[in-house]
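Order of writing sets the labels: A, B, C, D, E and F. Residues in every chain begin at 1.
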Amino acid sequence: MEKLLILWESTAIPHFEIKQIIMMLVGFALLYLAIVRKFEPLLLLPIGFGALLTNIPLAGFSEAGGLLHYIYYIGVDTGVFPLLIFMGVGAMTDFSALIANPRMLLLGAAAQFGIFATLFGAILLNGLSFFDFSLQDASAIAIIGGADGPTAIFLASKLAPELLGAIAVAAYSYMALVPIIQPPIMKALTTAEERKLPMAQLRVVSKKEKILFPLAVLLMTLIFLPSATPLVGMFCFGNLLKECGVVDRLSNTAQNELINIVTIFLGLAVGSKLSADAFLTAETLGILALGAVAFSIGTAAGVMMAKLMNKLSKDNINPLIGAAGVSAVPMAARVVNKVGLESNPHNFLLMHAMGPNVAGVLGSAVAAGILLALVGP
Amino acid sequence: MAEQLMEAGVLLAVGMSVVFAFLTLLIAGIHLIAWFERAFPSPIETPSTRPRQEPKQKNDITEVSPQIAAAISAAVSTHRKSTSK
Amino acid sequence: MEKLLILWESTAIPHFEIKQIIMMLVGFALLYLAIVRKFEPLLLLPIGFGALLTNIPLAGFSEAGGLLHYIYYIGVDTGVFPLLIFMGVGAMTDFSALIANPRMLLLGAAAQFGIFATLFGAILLNGLSFFDFSLQDASAIAIIGGADGPTAIFLASKLAPELLGAIAVAAYSYMALVPIIQPPIMKALTTAEERKLPMAQLRVVSKKEKILFPLAVLLMTLIFLPSATPLVGMFCFGNLLKECGVVDRLSNTAQNELINIVTIFLGLAVGSKLSADAFLTAETLGILALGAVAFSIGTAAGVMMAKLMNKLSKDNINPLIGAAGVSAVPMAARVVNKVGLESNPHNFLLMHAMGPNVAGVLGSAVAAGILLALVGP
Amino acid sequence: MAEQLMEAGVLLAVGMSVVFAFLTLLIAGIHLIAWFERAFPSPIETPSTRPRQEPKQKNDITEVSPQIAAAISAAVSTHRKSTSK
Amino acid sequence: MEKLLILWESTAIPHFEIKQIIMMLVGFALLYLAIVRKFEPLLLLPIGFGALLTNIPLAGFSEAGGLLHYIYYIGVDTGVFPLLIFMGVGAMTDFSALIANPRMLLLGAAAQFGIFATLFGAILLNGLSFFDFSLQDASAIAIIGGADGPTAIFLASKLAPELLGAIAVAAYSYMALVPIIQPPIMKALTTAEERKLPMAQLRVVSKKEKILFPLAVLLMTLIFLPSATPLVGMFCFGNLLKECGVVDRLSNTAQNELINIVTIFLGLAVGSKLSADAFLTAETLGILALGAVAFSIGTAAGVMMAKLMNKLSKDNINPLIGAAGVSAVPMAARVVNKVGLESNPHNFLLMHAMGPNVAGVLGSAVAAGILLALVGP
Amino acid sequence: MAEQLMEAGVLLAVGMSVVFAFLTLLIAGIHLIAWFERAFPSPIETPSTRPRQEPKQKNDITEVSPQIAAAISAAVSTHRKSTSK
């Protein structure tokens, strides 16, 4: 009998609290979004599963000695996993469209307005009595507007580790929601005429230019913004592996097995941060709200910048492509293409939108570097 | 809070300025690279001329894997039989 | 001359002891079993090689600073490697046969009798003066009856790390010996008529059921047996990666590169535990004997349970498939098929035996969880 | 030792009970899933209708690799020559 | 304004020193060699990139908490990465040519003369006032003459970690320069007649011999030279994975994904040791000079040994193949083949040179073991 | 320095002796293996008789991937049409 009692005591049942049941529902909701709705499944599925594992009394998955504890401690706390993901993403990214039309970098810059504007929003929320975001918290939240998962996780792990789970979930969820969030904003800010604008075909980019590009980006980052070097450096390293043409076996591994292994672990580790105590707070609601704001402002800023550039430039620039400046590669570029085709069925904007799209990745890594330098520890 | 708002405003101004400055500098950098490319041109390479890199590096090099070759010869010989009737 | 003396002193020759020579023979024997006899080569080859490396005076492979020391400390002591193997095995496992015929779980349950009955045996052996197994030792040994390598290594690393090497070697050896150990027991407990029984074809299982299954198993484990969550949770995670259909690249990595890398390291690390002091003891003989007993009892219990179910059920249940309940996937199921074909050349039992076979994996993970909860540290 | 034997006996009883209880509950769970499936059916999918997942995820999507395409066209053209005689 | 000042202070510009600019040029030079000249790009590209990352003020890549710091600490300081590379190289190496003609081992032995002779050179350099190599430093430098990257990195990490960066760069650079360094030496020491000598065809080697070979090498190393076991052991383990034929999935992973992942990390970590303070010293010039000497002496010793063997043997032995004894697999063997074809267009020496070539790998691992035993910590 | 040079000389002598001794012993080892092979011969296996190991272990075994099969059947059917005219 005593043994049965020990066993009963060791089941989760007598230890359950309502908060943990809610968190399990959150975990199942993330799995639903990942599997059925196909929302960024590569990350949200492991995150959701990690959330299930971590919220059970006594399982001890995230306590000292538990698997997720080790993984978090080794890979996320150190920043290693997001950097390796960034390396792999770099090895998958083709900068041709940006090199052919470098002005697109301005769109990637403008879209970061969503990040910095959201800092305001976070501070304003502090006016409500149940919020108390520090400037570090606000910065980690605002980076959601960068629409870049690894950048958000990296910055949050440095500035606000206790908010990491909610920030990562918000970032990936909004990236998945790009096809829903962006089109209304894009249409509200552009005329039907503007959306029909065709753009000049892009020139062919030589292999040498593609090799020199990541080196130029690295060099500038090293000199002008060293605090952005971890992110930008690993991204450029991955891209150089891809473009140099002499280390294909390393490039293939970086963009396949290595990124897959790290993705599995990163997702589980982030999920392990979705504990009831950390997630079921007013802060999480604030993070979700601010993330949506950051995304929308970023989209709007990108479109407005593109409109301005269209005015000032002799070449046509379809303002829709400004929306791709938030990054969320390649989803945002596809959305631009789709909205463009609705206005002009012969106007394929996909390649033109890839320029601002990859510029947005650089832009938000740069923004993260600035925030690290100015409010970092 | 006013102080924090002030600070957020400064961050907004400084942050956006630096982002724009940095990426504008990068535009210059790309133009420099393009100028360098025009000055010392390399043979233009379109995606189609460069052979697709295989997703898997093989350590022993065989042009076509025996499996594929077997499949093809089987298919063709089946076909040969069916057309030779 | 002095240098030559140093060198001579630094050869293994003046330091050899007879025990270490015996252990090297053990290492070569494991390599022989793996390479020539093809006994579970994926594990036994690295284990045998690790045993060779670890038993040499002065090489220091398993001492602080040596490669195997690091690997053991990082991957086995923490339980990380067996859990990652379990994730990969989950991503390779197809539960269709079990979902189509869920009663097969009872066979997977019955076969765990081998585990718990062996606890008795280990305590009885203590009657002999040269054995002194604690209840924790006994539990770690008994899990050999679960016929599941990663489960045995995981439990042994928690309950009896000093017996880990012998337990792992015994577990994998007996799993390889399934085609020799099981058939006599199966034939002794069944009539020729019973062995000829055909079984009804299994229904088709939908994708949705296959996705919901690992989630249901996880949920039940979380609630009722949290101590089994590490094993069952990672297994279900791997299975969900496979079945959900939206993260194929993660699933492929889990069941290929990741499990291969971990297998290499796990094998070497386990082999490094085969040091003369730990292996050349009476305990090892006891472990080998108890392992064989556990295996045999488990097989018998599975067959008897299947006979009982055949009596009580209106559908035919060929008692042979009960033997597959010990797990040892997919070897045990193949043995069932082979023994079945000997009695009835038209009776293919393979798919029917896969149900109890995968049920046995769950069953022994559950048994490991119970042992962890009741006698764990 | 008698005490340890006693304890082993209790472990045997409790352990097997819990294993059976747990897996019996899981049987109920599977039946529940099957019921759910019948109540809200999804299109039946047999292994053969679902395309085999490729062991290697390709990051650049090409339906058939150029290598294979080249091999096939070579094989077919060889064959064409041999049959056109 | 204050924020702008912080940002200016956080750029690298006010912190740059001339030494760091030179090191960045060194980094770019390594990238140039890797990408444009295709000098051992798999290692020199990551090393060059790591050198760029590590030499920037404030980026902190190689300081505590930085990515490269973690990687170095985990993988190089422990010796784990070079050993895993060696395992992968073992899994790619075919010993058939050596097993068919075992006398080739003498060429692999002779070429190690370059290593031990260079010890003298290093000590002699101490006569110049700005050098002060300890015997440990000298040994770590001399191993460059072994023409084997992982061996050099492993030994340097044990004997002279502060010289690791320069030693690794020198080793890989000279391995890439084999086609330039070796031919003049080979031609100077041989007559045109000798270079034309054809060699008898090699016998077919059975699978059993190929399996027993790594085991024999391991056994001898364990008994006679335990200090060489880490290197030789992992090499033999990889080779056994390849040859045994029962664990192909492990062998494939060892020679593909695992070695690729480790190569990326090892290169970056080695590059992180190319800091200005460690690299811009007279020692580096000494290392480069001594490395070239070691290489040349090794080549010459191999050729002279082959000439001697040709004299003493009844079979023809083309002295050119002695040059392949330095290792640098398979480049050195290809150079032998090319130089041979220049004298006799019908004389293909490639397979014959593979014997001394793989013998050279064993030879330098053995030499590293001797140095570890005699001057090691 | 003289002392260090002395030591380097000893290292040279001892090192080269041991390298030669070790590798000479290994020559004997290989001859022993070859003798063992001749005494207990195994069927000779040339590289061409042993099927090339696939670079990627497939967990579900299919002889020819559906993609390749589809490509081939498409190629052959196209060809059939073109030749049947």
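Observations, loosely collected:
By our rule, a residue touches a chain if its C-beta (ideal position, glycine included) is under 8 Å from a C-beta of that chain, and two chains touch if they have at least 3 such contacts.
Only a predicted model underlies this, so the values are computations on that prediction, with no experimental measurement involved.
Steps from chain C to chain D, taking the shortest chain of touch contacts, total 1.
Each chain gets a centre from the mean of its Cα atoms; the one farthest from the centre of chain E is D. When chain centres are defined as mean Cα coordinates, F lies farthest from chain A. With centres defined as mean CA coordinates, chain F is found 44 Å away from chain A. Centre-to-centre separation of chain E and chain F, using mean CA positions: 21 Å. Taking each chain's centre as the mean of its C-alpha atoms, chain A lies 41 Å from chain C. Chain C has residues 3, 7, 224-225, 249, 252, 256-257, 260, 370, 374 in contact with two or more other chains.
Annotation for chain B: residues 11, 14, 18, 54-57, 59, 68, 72, 75-76, 79, 83 touch two or more other chains. Residues 1, 4-5, 7-9, 11-12, 14-16, 18-20, 22-27, 29-34, 36-37, 41-42, 44-46, 50, 53-57 of chain D touch chain C in their complex.
Residues of chain F touching chain C in their complex: 10-11, 14, 18, 56-57, 59.
Note for the complex: chain E touches chain B at residues 3-4, 7, 92, 255-256, 260. Across the complex, chain E meets chain C through its residues 78-80, 83, 211, 215, 218-219, 222-227, 229-230, 233-234, 237, 240-241, 244-247, 249-250, 252-254, 257-258, 370, 373-374.
Chain A meets chain B in the complex at residues 98-99, 102-103, 105-106, 108-110, 112-113, 115-117, 119-120, 122-124, 126-127, 135, 138-139, 204, 206-209, 212-213, 216-217, 220, 224-225, 248-249, 251-252, 256, 359, 362-363, 366-367, 370-371, 374-375.
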